[in-house]
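Below: a set of structures, written as structure tokens.
Two complexes, one shared chain (chain A), two partners (chain B, chain C).
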Partner chain A sequence: MTQSWQRSRAAVLFMLPALALYLVFMVWPFLQSFWFALTDWNGATATKTFVGLANFAELAGDGLFRLALRNNLVWVVVGTAAPLAIGMVLALLLWNRPKGFTLFRTIFFLPHILLTVVIGIIWSWIYNPIFGILNIWLDGIGLGQVSRGWLGDPDVALYAVLIAAIWAEVGFVFVILLAGLQNVSRDLLEAATIDGANGWQRFKDVTVPQLANVLNVVTALLLIGGFNVFDIIFVMTQGGPANATQTMATMTYDAAFTLNRVGYGSAISLVMTAISLVASVVFLRLRERGEG
Partner chain B sequence: MRSGWARAALVALLLALVALPQFGRAAQDEPVELLVWDQFTDPTESAVVDAIYAAFTEQNPNVTVRREAVATEQMRQTVRTALASGTGPDIIFYDAGPGYLGVLADAGLISSLEPLAEEYGWNERIAESARRGASWEDELFGLPLQADLIGVYVNNTLMEEAGLTTPTTFEEILTFCQDASAAGYIPFAFGNQEGWPAFHQIAMTGNNMIGPEAMEALLLENQGRWDSPEMVRAIEAFFVEMRDAGCYSEDANGITYDDGNALFFGGQSLLHSTGNWLITEISENMPDYEVEFVPFPAIEGGAGSFWDSGVGSAYMISASSPNQEAAAEFLDYLFSPEVVQRWVDEANFVVPAEFDVEAVDATPLQRSVLDTLAASIAGEEQFGYNIDVLAPPAFNDVMLNGFQAMLAGDRTAEEQAAAMQAAWEEGMAAGAATPAP
Partner chain C sequence: MATIAGTGTRPTAARRPQRPTNGLGQAGKYLLLILFLIVFLVPLIWVLLSAFKAAPEITRNPFGLPAVWRWENFAEAWSVGRFDRFLGNSVIYTAAIVAGVVALSTFAGYALAMLPLPGRDGLLVLFLLGLMVPFQSFMIPLYYLLRDIHLLETYWAFILPGIAFRLPFGIFLMRGFFRGLPSELGDAARVDGANEWQTFRQVILPLAAPGLAAQVIFQFVWAWREFLMPLVFVQTEALRPVSTGIMFFFGRFTAQRDLIAAGVTIAMIPMVVIYLLLQRRFIEGITAGALKS
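Our next item is the complex of A and B:
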């Protein structure tokens, strides 16, 4: 009993610093957000008037929030599927360590180590309607009628930013999957080949199941990132033009820091957290069921 | 015996009362550190600011100025928390609009400067319009360092080469745009990716349509409407007619303000409708061109052609600063005639305060702006109002996104005017704008 308590006490003591940090920097601000969301606080006044669920009621009828949510869903679907697909292809290409392996691995991973601000600026230059290389290139191959101000057209701005984000994300997915592929049994693959499985069947039925854990983690991270996306949008379009690239996170920022509506911004951030949490849990449950 | 003690106590009390002011004066000489947050991140401006702050310390050796330059966006995120904590900066140089200064004043986070203005004579030295721009509910809370003048830059050199003349009416603008486009130019260097450059365009066409008095009544007294036929016309003029006439790039939403500037600096555009803050860069980047600054032309059926003006950021004192007296001295120093002269000479700021205009070593372009502002201060020239600096944040948000939607062809002038009116009424109800609800 005494020995067990002593062991527990040591464990608790070791956990305390991390727990304190977690409580102060995660739990406390999270609880505060709950409180702010129930008020009409503007971020400056000493008094915070309690408004109950009025912020959430307003959110339910806010057309801009629906647009932001739709944009987040597009981001989650495309921004998860595309890096996974591209990252997987690249990882498979380098799985057998072909000639130039180190060089290609570096090139593929490089975008991920760049700061988001740098990525945003680089792609803003690429998309620039005056000197951007994309329009110059399109003109050069006779597709001048397609060229436009990519970040200024409400119909395409979201996808233009999304492509920049995918470019940056692929490196991360690639490296994780490449590491995961090292644990895939080549014996099983050879056995499947002997059994007559073609390349697609070997990939689908032998390689992917052995990568399940890695894929789960990467997909969950991309999903959460998709719901919380802020930085690259803020750098490239700030939610514009005409709110076309507004997401829940950029809307939170605007509400809290531009419109001085910290209460409403907190409500948006809480809804964003809840959606992100539910989506991740549902995804993991579905994966577990699929594996079971 | 008891009366002896009483007499001694009375004498001691009197001595203490006499001595108290002396202790107060002694406190003034005690070392004081003023923490100043400003937005001067541009290297040239920053160097001038450092030198001016250092000169204050030279004159007041007991006061050390610790300066922290904070980018505008970061300051907007942190200043409310910093001031509310009670341990933030003593002085901030921050946006003067109702969404910024107004919010801080309303929350009691910054000190009223009314008593100081009287004591130091700021009311006589600083232009009334500028003081009004840095006030909240008729009370002065900030001292604005820069007066903005909004108009149209004209590259006269290229205009002459192309055989074009500066348009003097709105009708002429539309013809000019066709001619300039045919000559291979983008007529106006308008870039609106950030959204805020559109604020200045509507300020120009809006003031020209309804006139400065009506704009003042609308902005400061809540009399009039944003969806009036005149304002709809003003919106339509720049964001529909000029767009359709090819006056600016059809990708204006994808062009940043800086890219727009580059178009003008590089001679790809002939006109640039923006503010006087660009003068230094024009002087540096266009040494071979003769550039003129003129007000936006009159629109048919409107009130005329007016310059538009507003104030930029202002110096404010934190209400929780323990160094109120030193902070007041510092502000007074910054707006003293000799230092104002330095701001104008060295940083090229147009300070809305008393200084010797003739003594400034200015380029012809700078001189024209200084003379125009001096004429306004002397009451000889009537300025229109820069709208966004006097509007509630939600109204500016509607302007920003709505004008981008118009440029993309997704919104009509009537819809935009109606949205602006609705946002204005909402802002009025919330007391978020300058006028009283």
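Our next item is the complex of A and C:
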């Protein structure tokens, strides 16, 4: 037995348990999704009837799906931009480790570890029309006329849930940007200052380019998260009121597990997957070109 | 890829030139920091204080200290909310998933990074795909697969897919870590007659400790917070983890706000305590994990 053969055999054995579990519980059902999506299966019958692309055709004309897609786009834009902006401000404020650094960092990150249900309950309370602190506070500063049941109003419910999600997400973005800032050269910043660059120019032209890798990772994560968002919506509004907070993910869940439309649910989940994959790949490509 | 070697170490004085600070800017900075501190803390403190109050007092006096500290709210929430059961289940799920992901992804990451694995590039692409697709893309067929092999509504229905779903991330994290080690590392041991398992156990694994620490923290937070997977695969009340179990408790007792607040607090406490005790490791682990993989 040659030694290289032994090492290859060892490599296969080290890989096997992970690969087996991955193939059985992820790759195989993923491939099955494509088959499910081409049927009108209800989950109960023994056979699945092939219906071709009928589910996708229905999806194209489904007003609810358009609404869900629109909500996902709002979520992606606001839910990416806001955590990035706020996280960046917090990271810059704490960059040179001022007094109280550990306290601030610990608290800013804290919401990220909470269970989604806990975040959902806390924010449902904040928004509560009767005892919620948001309305109490608005009354207090003389804006009582805008107070309302925030989660019950179809015009604002999506943004209300989104704010709760941003509150929970900011800390994660912040600690990653803060770590990224540790590798930004202070010498370059000093040089730019001497060359007469103002604060915004230094940030835009010196700091951000050096953070490019970190920003790409964080933005891609937020983008994917925005297209797939489910937990916080399911906990706070279940897609309501009047479908105002439906997203592709909540539609998938409803179709497959509430309405027993397994084929249709699979079709939605695949479209959702395709959109988020394409968006993140396009984003990363654009960034590469921008830097190349 | 971004390197974050500097994350854990405090910058030396030389790396931290003290800029000439004017008092006004400094004050503005702290004003902003404290404002955010309030935004993140006040909701939590509000609920925490509410947990000690009687239900009417929560509405009447939202920000004040409780007139009487009602510790009995917690005892009642604990029993009607079945927290012993849900927290116990969460411990089982989290321990099993973290152990599974850490072990399997360490083996696989090692094979990918340091051993002559046949078909390596194909496997990398396959795992990269898994890193990018959402759970929903295989959730529905997986539900029926679990049903057909009689694992649905058992602990395994969350544990096995829970491990599989987090493996791609775990593998890339460990692979990235092992690639940082010199590739001839195991050779001396092999020359001395150690077999591949001994080489891995005695030479490689001890050097992987920092990577493992980041992995454990990341997977722990994920497994503890996992929501949709247990929501769909383990609906039996007695098998629910706390992440889904408390949702039904909250749904049932909406009107009893004192109980809800106490329940929220109980659900927060285990993770918050662990986080506060290990906060530096938490943050280092999360950043290392997010940036290295």
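Here is the rule we go by: the second predicted complex is superposed on the first by the 281 of 292 C-alpha atoms of A that agree within 3 Å, B and C clash if a C-alpha of one lies under 4 Å from a C-alpha of the other, contacts with A are read in each partner's own complex, and residues count from 1 in each chain.
Criterion: a residue touches a chain if its C-beta (ideal position, glycine included) is under 8 Å from a C-beta of that chain, and two chains touch if they have at least 3 such contacts.
Since this is a predicted model, take the numbers as computed values, not measurements.
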item: Which superposed partner A:Phe108 touches (first chain B, second chain C, both, neither); value: second
item: First, second, both or neither for A:Gly240, with chain B first and chain C second; value: first
item: Touching partner for A:Phe257 - first (chain B), second (chain C), both, neither; value: both
item: Chain B versus chain C as contact partner of A:Asn213, first or second or both or neither; value: second
item: Dominant contact partner of chain A by residue count, chain C or chain B; value: C
item: Partner chain(s) touched by A:Gly43 [first = chain B, second = chain C, both, neither]; value: both
item: Which superposed partner A:Ile130 touches (first chain B, second chain C, both, neither); value: both
item: Chain B/chain C common contact set on chain A; value: 43, 130, 257
item: Chain B residues within the chain A interface of the complex; value: 76-77, 80-81, 83-84, 99, 103-104, 106-109, 192-195, 249-256, 259, 262-263, 393-394, 397, 400-402, 404-405, 407-408, 410-411, 432
item: Interfacial residue positions of chain A with respect to chain C in the complex; value: 3-4, 6-8, 10-12, 14-15, 17-19, 21-22, 24-30, 32-33, 36, 43, 86, 89-90, 93-94, 96-98, 100, 102-118, 121-123, 125-126, 130-131, 133, 136, 167, 171-172, 175-176, 178-180, 182-183, 186, 190, 213-214, 217-218, 221, 224, 227-228, 230-231, 234-235, 249, 252-253, 256-257, 262, 265-266, 269-270, 272-273, 276-277, 280
item: Interface residues, chain C side, partner chain A - complex; value: 1-4, 6-7, 10-11, 15-19, 29-30, 32-33, 36-37, 39-44, 46-47, 58-59, 62-63, 100, 104-105, 107-108, 110-112, 115-118, 123, 126-127, 130, 132-145, 160-161, 163-165, 167-168, 171, 190, 196-197, 200, 221, 224-225, 227-228, 231-232, 242-244, 246-247, 250, 257, 260, 264, 267-268, 271-272, 275-276, 279-280, 282-283, 286-287, 290-291
item: Chain B-facing residues of chain A, complex; value: 42-46, 124, 127-130, 148-154, 237-238, 240-243, 254, 257-260
